[in-house]
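Next, two complexes with subunit A in common: one pairs it with subunit B, the other with subunit C.
What follows is the complex of A and B.
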């Protein structure tokens, strides 16, 4: 038997999935150009990274400042395999995901002993280390400072690219949601509140954290690998970059941390906002406005747009309830 | 060899100044100020604007940079840190966002291109086979003067001792009649001023660019993590370890590898001895 709340969430999921899949058709009807669809593709990938970040940081409270490290490993592995060694994409992407998960284990080691601010810093150090190493070690493989371009692309045209990106995003979102509905998800959220008491309840926090890191790394690897094959190019400054980290974190936080829908809302909101600002603010000004809005929203409501939405709904409901 | 020694000493002095401003906030307020690198950038650009665009005397530029840095520090405390009420994660994230916003703001005002700062003091000195620019010597000396001044300030003045008290035990300090809020505000002002001064020196070492805040932030973080919180001596020693290792890798191996050692050191220390080599406690 399926319980009532579960049935309701499944119906919401179905509506959401159908809506996302129909978006290109709606765009075509409204007469938007293909460029808008490309924006949405970027938003889908950003949503994947934001969900991956949120799975560690939003749930367990271990703030990762090194997520570009994981995304970058995924992107670089598949790019090097397919471009330098002619490995077919159907093998190179799974290998890239596995390598990223191994990288995620590296990430995990410091989390055994340190937490809070120190953990955030060590992950930042991982990212900077990778940025510097990638340019120096074997530039014949990594392409050095300039990176690699001309990587095999998986899809042709914006519509196909969109379907690939949006299906990836939806599948990942659904799987993460399903994981969090189990008892493991509850235990993960409990770690953020009080790690000691989770340990006291007889659960192995080490195993739980390892699991969260593996899932997060896996998602980041998938996103990074597919993004490399969508863009067709990678560069160290585009991947191992503090601005990229900023975009991921801001997307997750603005949408609503520790929810599944939140990072997706955030990614779409921010990507579309940047795109809408383009006509008036063509250059770096956009990031000024973008960051400013993100900062104000974050200071106003750290739980993001998702929480603001429910606040408004609640206020509306209580007002109506009062009148009747 | 002599070359490495001289250059190492000069660079380490600068790094020590960069780290001291950062460790001050970390020790007293227990928060990571990820916008600290931006203080350096603000200082560097203020100096650039007054001394090279308005063509005022260089000393005025340095002083103005310090004032702007102090005001910037106070604003950060009042507008970001205080409303967030000591929520560490929120402060880290909001200072990171602030850093990116100000980077964009700098691009807006000064453009994306890197700028070369004129040296604060002109001239080249010859020591046997080694030649060093007077500018770098001035930067290192200036750094040491500021560090010693800060040390005396913390040890001798009332507010300095209050800062020490808050860093050890905030509640205890409050009971003894110290206002943590005022002490924290003072710490942010001093840190901002030191950062801005370090920024002028740092920019004259390298160059001005809107992304210049990342490197000094990483250096400061590394020195503070490896040195441990609440230890000025530890900060100075580790600043020299990192400064010398950078010079050694640059001269003997490749300039691109100079950050690698620093990163490995951070990761190793955090995994093996999280409270740092000289720190008094774990965070």
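What follows is the complex of A and C.
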């Protein structure tokens, strides 16, 4: 028997999924250009990375500053396999995800001993190390400083690209939501609150953290691999870059950390904001406005847009309750 | 007038302006600019394109009197932003032609989008031979792409000649210490120097010193360079090059120094170094600072300097490429009846602008055709600028020149001989 709150959640999920899948039709009816869909595709991939980051950092409290390291492993592995060795994409992507998960275990090792800002700095070092390595080690494979261009793309056209990206995002979001609904999800959240208490209750925090890191790496690997095959190109500066890291973190925080919908809202809000500002502010001024809005939102409600949405809903309900 | 009358008048005015906007839209050809809007590099291409567009519009428009409209998309010199920018130009703005002032990895980032949209695109800054190789191996997909700067392979071939003719034969230098900034650009140029220039020219690389781009004190680095016992320093610097250059002068480092110094490519170099930039030399695509200009290019510079007062005060080489290249793209469109793929590509390949100075070929804006073999390297360069890397340079512009700044703030070309305006020299404080 499905409980009422669960049923309500499932209905909301169904409406959300249908709404997202119908978006290209709605855009076509409204006469919007396909450029809007392209923006949404980039937002979908950012949402995947933000959800991946949030699964470690939002849930367990281990703030990762090296997430592009995981995304980059996924992207580079599939790109090298398919572009250099003609491995079919149907194999190169799963291999890339497995390799990323192995990278995730490397990422996990420091978490056994350190936490807080030390952990963040060590993960940042992972990203920087990878940035240097892909340029120096076997540039004939990685493309060195310039990266690789002409990687096989899985789709052509904005509509197909959108359906692929949004399907990936929705499946990942639903699976993560389902995991978090289990006792494992509750235990992961408890780690962020008090890791010692979780240990005291007889649970293995090492196993729980390893699980969180593996899931996060898996999601990052999937996102990175599919992004490489969407863009058709990869470059070290695009992946192992501090700006990319901040974009991921800001999306998760502005949308609402420790939720599933929050990082998605944040990714869509920030990507659309930047692209919609482009016709009026084509230069770097866009980033001042972007940064200003992000800062104001964060100052107003540190729990993000998701929390603001519920504040508005609650106020509306209270007002309606008062009127009746 | 009543409120209703006002409302009616307003509605009529709105409808009229909407109709006029639609009409003007139909009479417009859209050109997209992709590149950085905050770098001298990007601005040079943008401004070159702006001037060409103004001139074409002033001459009665293009393609039967249509007005050209320029739309800019900033890349911030970031590969991912470059992809978004190309998508924006293609799908939101639906441009007919794209002119690019992108750097290497940014161009490589959006290149798959060009293949998908098949929009005629002209690159004015990146010189990466790998892009031309794409045309060699997959011509049908890449054929809307043109690059009107000599590819880096052609640039390197002539640069190696400079190493042999000037650094070894003229200066007698046999060993070098490389000062390389820790960037992607630094790594790429280091490969060129250590693996091509030095071995072919017979120069021994005794040491490579890699420095961080945030370095502000170069005294210990120059001390190490001196201690290496090398004959000269080869500097590779694209970020804050004015800092290392001015310290070389202020510290009066007793060794000659040449190399690739991006700051020295701009007219602002002297200002940026506080007047301490003499003796620095760098390779540069043409036309460069100190390069004697033909009358057509000089007229472009005059217009540029009258129109823009902010930096870059003198267009970089890609500004010239954008100016001439955009005009050629529209001349091709006139022949082909628009920017439709195949016929425009053929017409663009037929463009040939020879700029003469004192009766002889000085610069040439033309393209290598598919299958056409360049004599010296014995390979093809489809859709690449038609460069010439063999003296007397009567088939095209040289792929590069070497320029040198003097201690009085002037600059001149030191290599190759045909374009030379002064001799290569060492600063006054360096003993011969």
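Criterion: the second predicted complex is superposed on the first by the 319 of 324 C-alpha atoms of A that agree within 3 Å, B and C clash if a C-alpha of one lies under 4 Å from a C-alpha of the other, contacts with A are read in each partner's own complex, and residues count from 1 in each chain.
Methods note: contacts are C-beta pairs under 8 Å (C-beta built on N, C-alpha and C of every residue); 3 or more make two chains touch, one makes a residue touch a chain.
Just so it is clear, the model here is predicted, and its values are computed rather than measured.
Following the overlay on subunit A, give me a clash-or-fit verdict for subunit B and subunit C.
Clash: subunit B and subunit C overlap once superposed on subunit A.
After the superposition on A, what does A:292 contact: first (subunit B), second (subunit C), both or neither?
First partner only.
Have a look at where A:61 lands relative to subunit B and subunit C in the superposition and call it first, second, both or neither.
Once the two structures are laid over each other on A, A:61 reaches subunit B alone.
Just subunit B (first), just subunit C (second), both, or neither: which does A:38 touch?
second
Should A:135 be classified as contacting the first partner (subunit B), the second (subunit C), both, or neither?
Touch partners of A:135: subunit B and subunit C.
Touch test for A:125: subunit B only (first), subunit C only (second), both, or neither?
A:125 contacts subunit B only, not subunit C.
Counting only touches as set out at the top, which of subunit B and subunit C does A:16 meet: first, second, both, neither?
So A:16 meets neither subunit B nor subunit C here.
Check whether A:242 is in contact with subunit B, with subunit C, with both or with neither, and answer first, second, both or neither.
first
Of the partners subunit B and subunit C, which touch A:177 in the superposed model: first, second, both, neither?
Neither partner.
Using the superposition on chain A described above, determine whether A:113 touches subunit B (first), subunit C (second), both, or neither.
first
For subunit A, which residues lie in the overlap of the subunit B contacts and the subunit C contacts?
Common interface on subunit A, subunit B vs subunit C: 135-136, 243, 283-284, 286-287.
Looking at the complex, which residues from subunit C come into contact with subunit A?
37-38, 72-74, 76, 78-80, 83-84, 87-88, 90-94, 104-105, 108-113, 115-116, 128, 130-131, 134, 138, 184-185, 187-188
Within their complex, state which residues of subunit A touch subunit C.
33-39, 42, 135-136, 144-151, 153, 156-158, 231-233, 235-238, 241, 243-244, 275, 278-279, 282-284, 286-287
If you look only at subunit B, which of its residues touch subunit A in the complex?
Residues of subunit B touching subunit A: 31-32, 80, 83-84, 87-90, 92-94, 96-98, 100-101, 103-105, 107-108, 112, 210, 214, 218, 221-222, 225, 254, 256-257, 259-260, 263-264, 266-267, 270-271, 274, 283.
Using the touch definition up top, name the residues of subunit A that touch subunit B in the complex.
Subunit A residues touching subunit B: 61, 63, 65, 109-110, 113-114, 116-118, 120-122, 124-126, 128-129, 132-133, 135-136, 242-243, 245-246, 249-250, 253, 283-288, 290-292, 294-295, 298-299, 302.
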